[in-house]
Structures are given as structure tokens and as C-alpha cells.
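Next come two complexes built around subunit A: one with subunit B, the other with subunit C.
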Partner chain A sequence: MRKKRFSNFFYDYVQPLISNKKSLVGSIILLFFILMATIGPMIVPLNMNSDFANRYQRPSLQHPFGTDYFGVDIFQQIVHGSRSVISLTLFASLFAVIIGTVVGVARGYLEGIGGKLLDAIITVFLVIPSFPALLILAAIFADTKLNTVEVALIVAIWLWAPLAKQVAAQVLTVKSREFVEASRMLNMGLGYILFSDIAKLLIPYIFVNFVTQLKSAMEFSIGLMFLGLAKFDPTHWGVMLNYALYQAGALYTPKGFHYPFFVILNIVLLIYGGILLAQGIEEVFNPKLRGHE
Partner chain B sequence: MSNRVKRLIAVLVLGIFFIGLMGISLGASSTSSAGELRLATDWPFPFHGNPFGAGAVGGAWWFVYEPFAYYIPQSDEYIPRLAESWKIEKGKVTVTLRKNAKFSDGKPFTAKDVINSVNFIQAMWQWPYEIESVTAPNDYTVVFTLSKDAPQSFVHTILTDAAIPALAPYHVYSKWANQAKEVATLGKKIFAISSSGKTPDAQLKSTYDKKADDLRKQVNAFSPFKTLKRMPVVGSFEPTKITQSEMVLTANKYHWLYPKMKINRITFRRWSSNEFVWASLISGEIYAAHPNMPKDVVEQLTILNPSLKVKTTTDLSEIALVFNYQKPLFKDVNLRKAIAYVLDKSKVRDVAVWQASTCSPYAHGILKSMESKWISKDTLSKLTKYTTNAKMAEEILKKAGYKKVGSTWQQPNGQPVAFTLSVYGPHSDWVLAAREVVQQLNNFGFKVEMKLIPDGMRDQVMKSGDYEAAIEFGVTWQGYPHPYSGYLRLYEADLYNITKFPSKDKYSTPWGKFSPYDLTEQLRDVAQDKKKSMDVVQKLAYITNEYLPIIPLFEKVLPIYYSDKKITGWPAKDDPVWSLAPGGIERVYNLLITTGKLAVKK
Partner chain C sequence: MKYVVDRLVYLIVVLLIAISGVFVLVNKMPGDPAYGLAVSIAQQRNMEMERALEIAHKLMGIDPHEPLIVRYGRFISNLLKGNFGYSSFYQTSVNEIIAKALPWTLFVISLATLVSFLVGIYLGSFAAQKRGTIVDLVISGIASIIQAIPPFVLAVLILFIFAVRLRVIPLGGAYPVDMEPSFSLSFILKVIHHALGPMFATAIPQMAAWTLAMRGNTSQIMEEDYIRFAQARGLKDSIIANKYIKNNAMLPLIASLAISIGYMLGGHTLVESIFNYPGIGFYFGKAIAVRDFGLLTGLFSLIVIGVIVATFIAEIVYALIDPRVKLK
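This part shows the complex of A and B:
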């Protein structure tokens, strides 16, 4: 029975994704980064000892991405930094998507005071300026050592509201459709209608949003490090980029070009992989897009 | 309307639009005019021209205000400016004012302006209460009577602080002159009562608060730039055109040195970021600036703009590793000594500020650049030299009962030697130094984490003691270039307030047992007497070096980049005038301009 269920899952979800070029390439890229974050640090040792005389060494066999302003191997830092980058940004995006979807679906479906109340909450989070709010949080949590999940939750607080607003709008257009009316007439519970009838239709849309949140989550997590809220990690790609651009002035010397380049390349690749996968999923599961094939 | 007419109108509108755009861009880049020096700084916008208002006058300060004298630390020389001469007696300083000094609106500068300025700064800033009174026997003589608690070093402040002589010209601020005098008098009275250990009368305090608030509200809201349409100043330049991106200062034609000046205009571009200043220096948009610059950017700069020269001068301050003595871990001097031996300070300097001076192997509390002037060879021979030596650090720790378990050092109580190093995030050179210090200490076997202090929260975090170890300014001599400034900071004032080093305890020295607090007090009383100062400094240096309240990392330098493509007359690299730069580099430019040295290249 279990084998059959697995086989159905494979043919319904996995195979279509493999046959779609975009989702295949996207998945390979993301898998590469996940492997980098999980087993990479075990294979590639990290030596953070500075060696100023050997700063800005060009890429070579010894240093595949060259060395930075401190004379430290960039490749090693990218590999070790991928762990905090990927865990923090994935968690933060995931939390933002969960909160945004639940609140958005509920807001779209509910009418009357409940709906208005949720609308007000979404609006409040949309208009709170995130930077001063983060400063206040930094003051509150200054003494607390937050773990990755807690930091991700703090980041998610500032990311979920736009998604909730958009999901609510989508739900408003879906909820008057025939199948929802049918569920209502069959006296199906609110939970079933919200999360089985309506939320399913939004999955590709939500996934695309999840991927696009990655960039914002990364920016926020760097902000939190510089505010002293998150544990400072010099190998975090955002911190590396900050060092490269603002402290080492790598853009002002041809010697240092590779320093920000490889950091940016990895950030772009990670996000591009996610976007490709999201586009692939949308093409595979959105009936409208499939119709054009 | 025919199509032809419509097209014609469209062409005309587009033409006017493009001509307007060109005009704006030409205006924005304001082409270099004869006798112009281009620099970079910051200023408040909209500009109000009120030194007591928010942001004061920004980087124009040393061009618009003159002190009684400039002091050149390297040559130990005072250069008279608004003062012709001065006489220092016990508790009294008599200053004879320059008779040909005038404000930029032509009004003469007299003793009345000095008295008014002192009243205003005491009323608005609650400083300097060391001045008990200022009297004027005649229009061109002022007598400062100092309070009995005023340190000898305060004479230097009176002579060299540009706020004291003419910050509030009487003819501009006369409307509030009586109010300012009243508030200043009340403030001094309350200060005197508090200093004697008594509590000031509540009624007196409430009257003061009300009157001071009232005055501050009125004065802070005043904008000479708006009300008078100009800012009359006694300095060599007056701000005349200020936009968000550019501040233009025009020469004060009534300045007593105006006939000598060959530069008649200063144009400041806004110092929005270090990167902007790097780019502006490379392109020749500005002719001089002092940004921190990574080594490779400097190399690139000299290739792209060979006319740029660089001169580094001490910033009269050092960056140090400081400890919070309320945390038990750091109370053990053995641990502090081990840390001093572990750190490779040259490496820290290389990555943080490569141009900074290598720190002295000693930690005696005297800037390395001033070591030979203040520490005798005999004293040096008595001091421990903290050169990088991991073995020595291990020996010290083992002797003190520390153990290395696995790769981590443990305290005698079995707890790991673990702490957080806090560093102020916006100070990028400090962050780089912290990163290196953390790396080196972790390599040795301590467990050290780095934590950034968010923008704007440094004072709050450090003063509340919410840190274990931190990167901070160590000793600084900027206000008064004398060891007293450094030891005062370390044992009584700013740094003591955040570290709480037990400075009143007595420490053994080859000359007996002394408390650094008492020695600093002694130094304050003999600061003007070099021989007596030297005697006290040797003891303080010994205590500071052997009991390590802080560990200096490097002496800060001011890298000054200047171009000789359009401006000539820059002094030689070993000219003592450069040492005037710390705490106000514009003083150097101002001195060079007003003495006719800087000129436009023909």
C-alpha cells in the first residue's frame, strides 16, 4: 500500500518536475547548495587566519575563488558560510510563507469583524518601518543568545505581511467559484474549505513567493548580525559582501575584483536556482500554463 | 491648432527641458574657480548657521571660528590667532586680544564678544564651569578667573578651543545676552554646590531648569542664516552658499590675515561615505581629504591620480582591547598578561588600519609616538615587553592554575576561558580589528565570540557595562596633548567609567605603592611643569604596563591625501604643522591658507 502511494507521489509530482527543464535545473542548483551546506564543511577545512601579505590572490588550484582582503581563502568561507546562509534564509522564508499564507487565506475567506481585524493586523505590519523596529528588537534582545530558528522567526515577522495581502486578494477571487460553493452546500468545515479547496490553488503562487523571499531574508539576517541580534558569522555571504564592498574597497582595485564577484555569483546562483524551480513548478501544476504547452 | 504648431511647441518644450537639465548639471558640478580649495565634510541641512543648533556648522567649524591660539604638538609651540599675547598666573589667565580682528560683517571683535560667548556656552552646554568669571578691564583685554578645582591643563583649553572667544558674537546674540548670563551664573552656582559634596537647593535647581530650558529653546531655534541672511563670523571664511550636496565658504575680507590669503573660496562636497571620498580624490573632484583607505585602493589611487600625495600623522589616540572589571574573569592580571602575549598586534593593525603605527611592545599608557618624550630609558628597562609569545602566555596561565583541556583553556575553577568581544558596528576599522583579535585568541584556545554593537547604541552598551571585553579608544591625547589626558581617561574619566578598573587600589612599583587615581590627580596639578610631570608619569607608566587595565592594539594615524595638481604650498612631510590635524584637520588648511602658503597653481 505504502509502495503504491509512493509510486503515485512519484508519478504525480516528482516525474513532472524532472521532465520540466526549469524545475530540473533549479532543483540541481538547490541540491548543490544544500549539499554544500550539509557535507561541504566536513570536506573543506576552514582556515580563517589572516595572511595580509597574501591578500587578493587570484583564483588558482590552491585557492579556487582566490583570497580576500585578509588573505583568507574565499572558497572555504563560501562553503562554511553556506550553512548559516541557507539555514537562516530558508527558515525565515518558510516561516514568512506559513504566516503569510494562513493569515492571507483566513483574511480572504472571512468577512465581517474577523476579516477587518485581520486586515488591520496585515496593514500594521505592512506600514511598520522595519529598520527602527529591528533597532528596538536589538535593544530588547541585546542580552539574549538567539538560535537560528528564533532569528529566522524575527526575520519572518517583517516579511509575511505583503504575502498575506496578496494571498487574501487571490482568495477573494477564488472563494466565489463553484467548487467552493459546492463544499459549502455539503457543509464541509471551514478548515477543509480554506486549506483543501482554496489553499491548494495557491501553492505555485506561494512557492514563487517563498523563493523571492530568500533575498529579503538574506538581507534581513545580515541586518540582524550588524545590529548584534544574530551571532556574528564572518563567513556569512552577506557579511563577506559587506567586507568586500565597504571595508576592503574591492571595487576600487582591479586586484580585488574576484572578491565580491564570487560572493555575488553564489548568492545569484542560489536565488536563480530557486526561481527556476518555482517557475518550473508553476508550469507543471498551473493548468493555465500547461494549456499553452 | 495645427499639427505643425503642436510639433513646434513640443520641440520648444523639449529644448527648454534639455537646456534646463544642462544648466542644473553645470550648476551642480560648479566648476573650479581661481583661489578655490575643494574638500569634503558634513553639515546640517537646511543650514542654520547657529553653533548651538542641531549639527552646529558641520565641518566648517575651524574656518568660521578662531581660537586664541593654535597649538602645534610636534614643536610644542603656540601660534597666536585671536590673542596677541597672554599671561598665566595662579588661577588667572589674562588674554590681550588682537585689535585688528573683525567679524565678516565688518564689526570689530572685542572683549564683549568673549564674555558673551563664555556665558552662552556655559548656559547652553553646561561647560566649561572651570571658568569662574570673565572680566574685561578694557575692550581688548579679558581676564579669566578659574575655579579652584580647574586643572592646569584647562589653560590650554582656554587658549586653543575655538568655542571660547567668539562663538556667540554680541551683536548677533545680544537679544539673549542677559538670559545667558543669568543661566550661566545659576549653573555655576549649582555646580559649585554639587562639587563641594552638598545637594543644591530644590528651588534653585527648579529655577535653573526652567530658565535654562527656556533659553535653550529660543537659542536652538535661531537661524542667523535665515534671519540675517548671513552668518557673521570671526574666522577666515564665511558660509555663503549651502545646498544638500555642496557647502561654499567665502573669504572674510575683514580677517586680519585676508591680505595674505591666496585662496578665497572653500568648496565642501558632502562626505556621504568613505567610498564617495575615495572616488572624489581619484577623479580630482576634491583636492584633500583624510579617509581611511585600504592599501590596494591607495595603490590604485596613486596610479590613477599621480598628483595625490599622502602624509600620515598621529591621531593622538590608540585603539585598544578593554575589559569590563565587573566580570570576574578579567580581574586576574595573569589572564590579561597572557592575552597581551598572545596577540600579534602587527597583524591586527595590518587588517584593521594598515597605515596605523605599530603599537609599542609596552602598554604603559603613553602613545608610541610620544614614548621617547615621556618615558625615560631607565623606566623602560623596568617594564615588561609584550611581544607576541604564545609560550610565555602558556607559562603564565599554567603558573596561575589555568589548564588546557583538549584545545580549550580552563580557568582554575574549571570553567572555560570564554567571553564575548563587543565592537561598535559602524566603526569598520574596529570591526576588522575585533575579527582578527577573536581569531587569534580562539587559535590560542580561548573561546571568544564577536558581537556587534548596533549604530547609535555604543554609549548605552558601554556605559551600562553590558559587555565583557570590547574594542575601544584606549588613551587619547586629542584635547590636551599631554599624558595627563590619557591617564585621566584611563583612571578617572571616560574609559574608567566603562571599565571600572580599580584605580583607587594601590599597586606596587619600584618606587613604592601608589594608586593610579592619586597619581593622576597629582599629574593634573603639575601638568604644566614638565619635570614634575615626568616624575609622576614614570610611576603611572609602570602601573599601567604591569597591571594592564587595557591592551593597546595600534596607534591611530590620520592619513591626509592632498593634491598638488591645482594647489601648491603644501608643507614638507616632516613639517610640524601636520601635527595640528588630530581633532580638526581643517585647522591645518586654515593655518596654511591664512599664512599665504597654500595657493592656486598657475
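This part shows the complex of A and C:
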């Protein structure tokens, strides 16, 4: 039984992703960064001690990405920082998916004033421009040291609404179908109807959304760290970028150009991997986009 | 008509929830909102902090012992009268700051949005019609890569490459400090020169987004039956491409054009801060940095109102374009 379920999962989700060129390349890029985040720190040691004799060294075999203003190896920091970059992104997307699904299903199922109110709340979060609102939240928490889960929640607050709206629309069309009626007649309970009957239909939807919002999750969390508004891991790439540009003024000295360059390169590559995977997945699960390719 | 009124009432409710939420949030920010003002008064007039705090509270119209709900009531009634509050950092009304800053922001974002929209529409439909060829691959490939660069990173790159290194654009401001605003040609040229940095930083990511959206819409429409039918009728390819495909693919994007201008009001925050460009976003960033609560709530309310108005316009435009919307 379990084996069958696994092979279904493979044929339904994994295989189409491998056969699509974009999602394949995207997956490879993301896999590379996930490996960097999981086993990287075990292989690459991190030495954050300042070594002013070695500041702003050019990339070399000893320092693949060169050294920073304090003479610390940039490659080591990127590898160790990838852990918090990736975990933050994954947590934020995960929370957003959970909130979006729960609110969306509830909105689709509830009628009357409750449904209307939920609808208004979803619209509020759709309408409020995320970045300024995120900045305010970040300023409120600027002096508190937050852990990954807390920062991820702050980011997720600005990501869940589009999914909730889509899910609500889906639930509205589905809820009058026979099998839901049947469950209701069998007195299966609201929870069972919502999360077993209806949620099952939504899984491909949620899966696509999880991937498409990885990009915003990365961008938001890196932006927060870049502005230095949330106290966090000093090797997080956003924090590194902040150091590079504002603390060390790396771009003002021709010697330091590689410092922000390698941080930006990794940020862009990671987000690009997410975009490719999302585009590929949309093509796979939304055949209309595939056209005659 | 009923549709319009319904949407209007609904959006006003949404607006009220959003503004109230932000008011509570900002008032929960750590610290006394009058503290900053009190410090500067104490320094200027060389008086004790306690006394300065009292004056500051009076100036800002805040009674520290007053419950949140009363302050909230006054905030809303002020907003209804078009009074966006008092900035403790700049020691002036928020309305005055808005009057000074909004024209710059609108100037940059409307121009950036217009140019990026036109170019994006063109590139997107061009790419879709050359689907699968190297041209399509290059256009959509570059657009995807641009999308992978967070806008603030792009802004920083533009600033450092073009302003710091190459020195072809100025480092900040809307016009040279030693010039008096006037309608002379040299002044207008300076204004455009100063707007180039923020303009490109705003336009480039948008252009990529429009291109990809237009490419997607066009590809979808090219699969529709009525296009096949038009081809079967023997219509010229150029007529099909322009009248049938391009227009239909563009319509939904025109509706989102309004929303996009609304969002730019808020999304412009970082770009303006990075370029030191004295628009709404610049003052917003400043308000967060110096914990100027009055300025913060005032500007945020303005941004949200802008987005809601834009959303409303977009919905009306969409309903006009696509009659099916009303039936829902």
C-alpha cells in the first residue's frame, strides 16, 4: 500500500518535473543549494576571526570567493549562510501555504457573514502593499533577536493571501458536488469534509503555489536582512550584502568589488532556480500554457 | 451600476480594516511617539526632558494617558477631513510632506510604468509569436533572469555602477541643490537627469514582468478556436497578430496597469531610499528609521488609499472590457 502510494507520487509529481526542461534545470540548481545548506557546513569549516593582513584578497584556490573587509573567507560564509537562507525560505513558504489553505478552505465553505468577513480579510492582505508593511513589522521587531520560525512567520503573513483566494474559489465550485453532499449526509463532521474531501482536490494547486511563492519568500527575507531590520544570523546573505555595501563600503574601493558580487551572484542564482522550477511546474500542471511545444 | 456601488462599499470596508490594522501596529511600536521630537526640543531650547516631552505631546496633539481608542477615533476623523497627521521628525504636517514628495514619486513611477508597459507588451507578443525560436529564448530568458534579481539589489547595482563608478548619473536628490526650481529647459533637463536612476531601477523589473505576462497571454490566445477560425478564413497573418491576438492579450494587462501604478506607490520605498530621491518612499523609509509614528501612519494610509483607488479603477475597467465579470 505504502509502496503504491509512493510510486503514484513519483508518477504524478516527480516524473513530469524531470521531463520538463525548465523544472529540471530549476530542480538541479535548488538541489545544489540544498546540498550546500545541509552537508556544506560539515565539509567547509567557518572561521569568522578577523585577519586584517588578508583583507579583500582576490578569489584564489585558498579563498574561492576571496576574503571580505575583515579578511574572512567569503566562500565559507556563503556556505554557512545558505542554511539560514534556505530554511527561512522553506519555512516562510510552508507557513504561507498552511495559512492560505486553511483560510481559503474556510472562506469557501463558510456562508453568510463569516464568509464575507474572511473575504474582506483576504482582500486586505491582497491590497496592502507587502513591502512597506513588512518594513513596519520588521521595525517593530528590530531590537528583538528572532529565530528562523519567527522571521519566517513575519514573511509568511505577506504571502498567503493569493493562495487563500484561489483555494476559496476552488472550494466554492467543488462544495456542491456529490461526494461532499454524501459526506455531509453521512454526518462526517465539518473537519472531515473540509480537510479530507476538499483538500485532496487542492493538493496539485497548493503544490504549484508553494513553489511559485518561493521567489517572493526569498526576496522578502533577503530584503529584510539586507535592511538590517531583524537581528539574525550574520552569515545570512542579506546580512552579508548589508555588510558589504554599507558597513565595509566594498563598492567604493576597487579592491572590494568581488565581495558584494559573489553574494549577489548566489542570491540571483538561487532565486533563478526557484523561478525556473515554478515556470516548469506551471507548464506541467497547467496544460494551457504548454501549447504546441 | 449595482456592481460599482457594491465594489465601492466593499473596498471602503477593506480600506478601513487595513488602515486600522496599521494604526494599531504602528502604535504598538516600541517607544513614545513624541520622544524624538522631545529630544530635539530639549536640545534646541536647552530645557529638561520632562518639560520637552510635555511640549512635544502638545505639539503632536497626543495625550500620553489617553486610551488608544480615543487616539484612533481622532486619527480616523482627521483622515476623513484630509488631514494625514503630524510628523515629529520634520516638525510639520504630513500633508505638507506629501505635497512636496508625491509629485516626484508620481513623476517617476508613471513614466517608468508607461515605458515598461509599452516595451513589455511589444517584447512579450513578439516573443510569443516567435515561440521556440532563439529570439523567444533570448527575450524570455533575459526577462526571467531580471526577475531573479531582487529590485533593491538592482537599484543598488545601478547606483554603484552608474553613479559611483561611472559618474554618469547623480548620487541623489531630485534636482541640484544649488538650483531654484523653475520651468527653464536647463532645470527640466536636470530633473530628468536626476530621475534616471530611480526610473531605470523601477522600470527594468516591471518591464520583465510585463514581457513574461504578455508572452503567456499571447501564447494562450494563439491556441484559441477563434484564431484557428480566423486563419481558416484566410485572414492575413499581420491582421490576426495585431487585431485578434495582441489586443485580446493586452486587455487584461491594461486592467492590471492601474493596480501596478497603485502598488508602485508602496513598492518604490526601497528604490527611493537607495537613490535618496525625495519622494513618498524616501520619507516612508525615513519615518521607519527615526520612528516617526505620525509620518508613518499618514504615509501608509496614503499608500493604501492609492492602492485601493487603483484597484477600484482596475475593477471598473475590467468590467467594461469583459462583461462576464459583472455576472459573477
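Here is the rule we use: the second predicted complex is superposed on the first by the 169 of 293 C-alpha atoms of A that agree within 3 Å, B and C clash if a C-alpha of one lies under 4 Å from a C-alpha of the other, contacts with A are read in each partner's own complex, and residues count from 1 in each chain.
Note that in this section a contact is a pair of C-beta atoms (placed from the backbone, for glycine too) under 8 Å apart; a residue touches a chain by one contact, two chains touch by 3 or more.
Everything numeric here is computed off the predicted structure, so don't read it as measured data.
A:Pro234 in the overlay: touching subunit B, subunit C, both, or neither? Say first, second, both or neither.
Once the two structures are laid over each other on A, A:Pro234 reaches subunit B alone.
Where does A:Lys255 make contact in the superposed view: on subunit B (first), on subunit C (second), on both, or on neither?
A:Lys255 sits against subunit B, while subunit C stays out of touch.
Between subunit B (first) and subunit C (second), which does A:Ile222 come into contact with in this model arrangement: first, second, both, or neither?
second
State whether subunit B or subunit C is in contact with more residues of subunit A in the superposed arrangement.
C
So in the superposed three-chain picture, is A:Tyr272 touching just subunit B, just subunit C, both, or none of them (first/second/both/neither)?
A:Tyr272 contacts subunit C only, not subunit B.
Both subunit B and subunit C contact which residues of subunit A?
Of subunit A, residues 135, 139, 143, 226-227, 252 contact subunit B in one complex and subunit C in the other.
Tell me, which parts of subunit B touch subunit A in their complex?
Interface residues on the subunit B side: 273-275, 278-279, 282, 293-294, 296-297, 299-301, 347, 350-351, 354, 422, 425, 428, 431-432, 435-436, 439, 443, 449-457, 461, 466.
Per the contact definition, I'd like the list of subunit C residues that touch subunit A in the complex.
10, 13-14, 17-18, 21-22, 25-26, 28-30, 131-132, 144-145, 147-150, 152-153, 156-157, 160, 164-165, 216, 219-220, 222-223, 263, 265-267, 269-270, 284-285, 288, 291, 296, 300, 303-304, 307-308, 311
Quick check: in the complex, which residue numbers of subunit A touch subunit B?
48-50, 52, 55-56, 69-70, 135, 138-139, 142-143, 225-228, 231-232, 234, 243, 246-249, 252-256
If you look only at subunit A, which of its residues touch subunit C in the complex?
Touch residues, subunit A against subunit C: 120-121, 123-124, 127-129, 131-133, 135-137, 139-140, 143, 215, 219, 222-223, 226-227, 241, 245, 251-252, 264, 267-269, 271-272, 274-276, 279, 288-289, 291-293.
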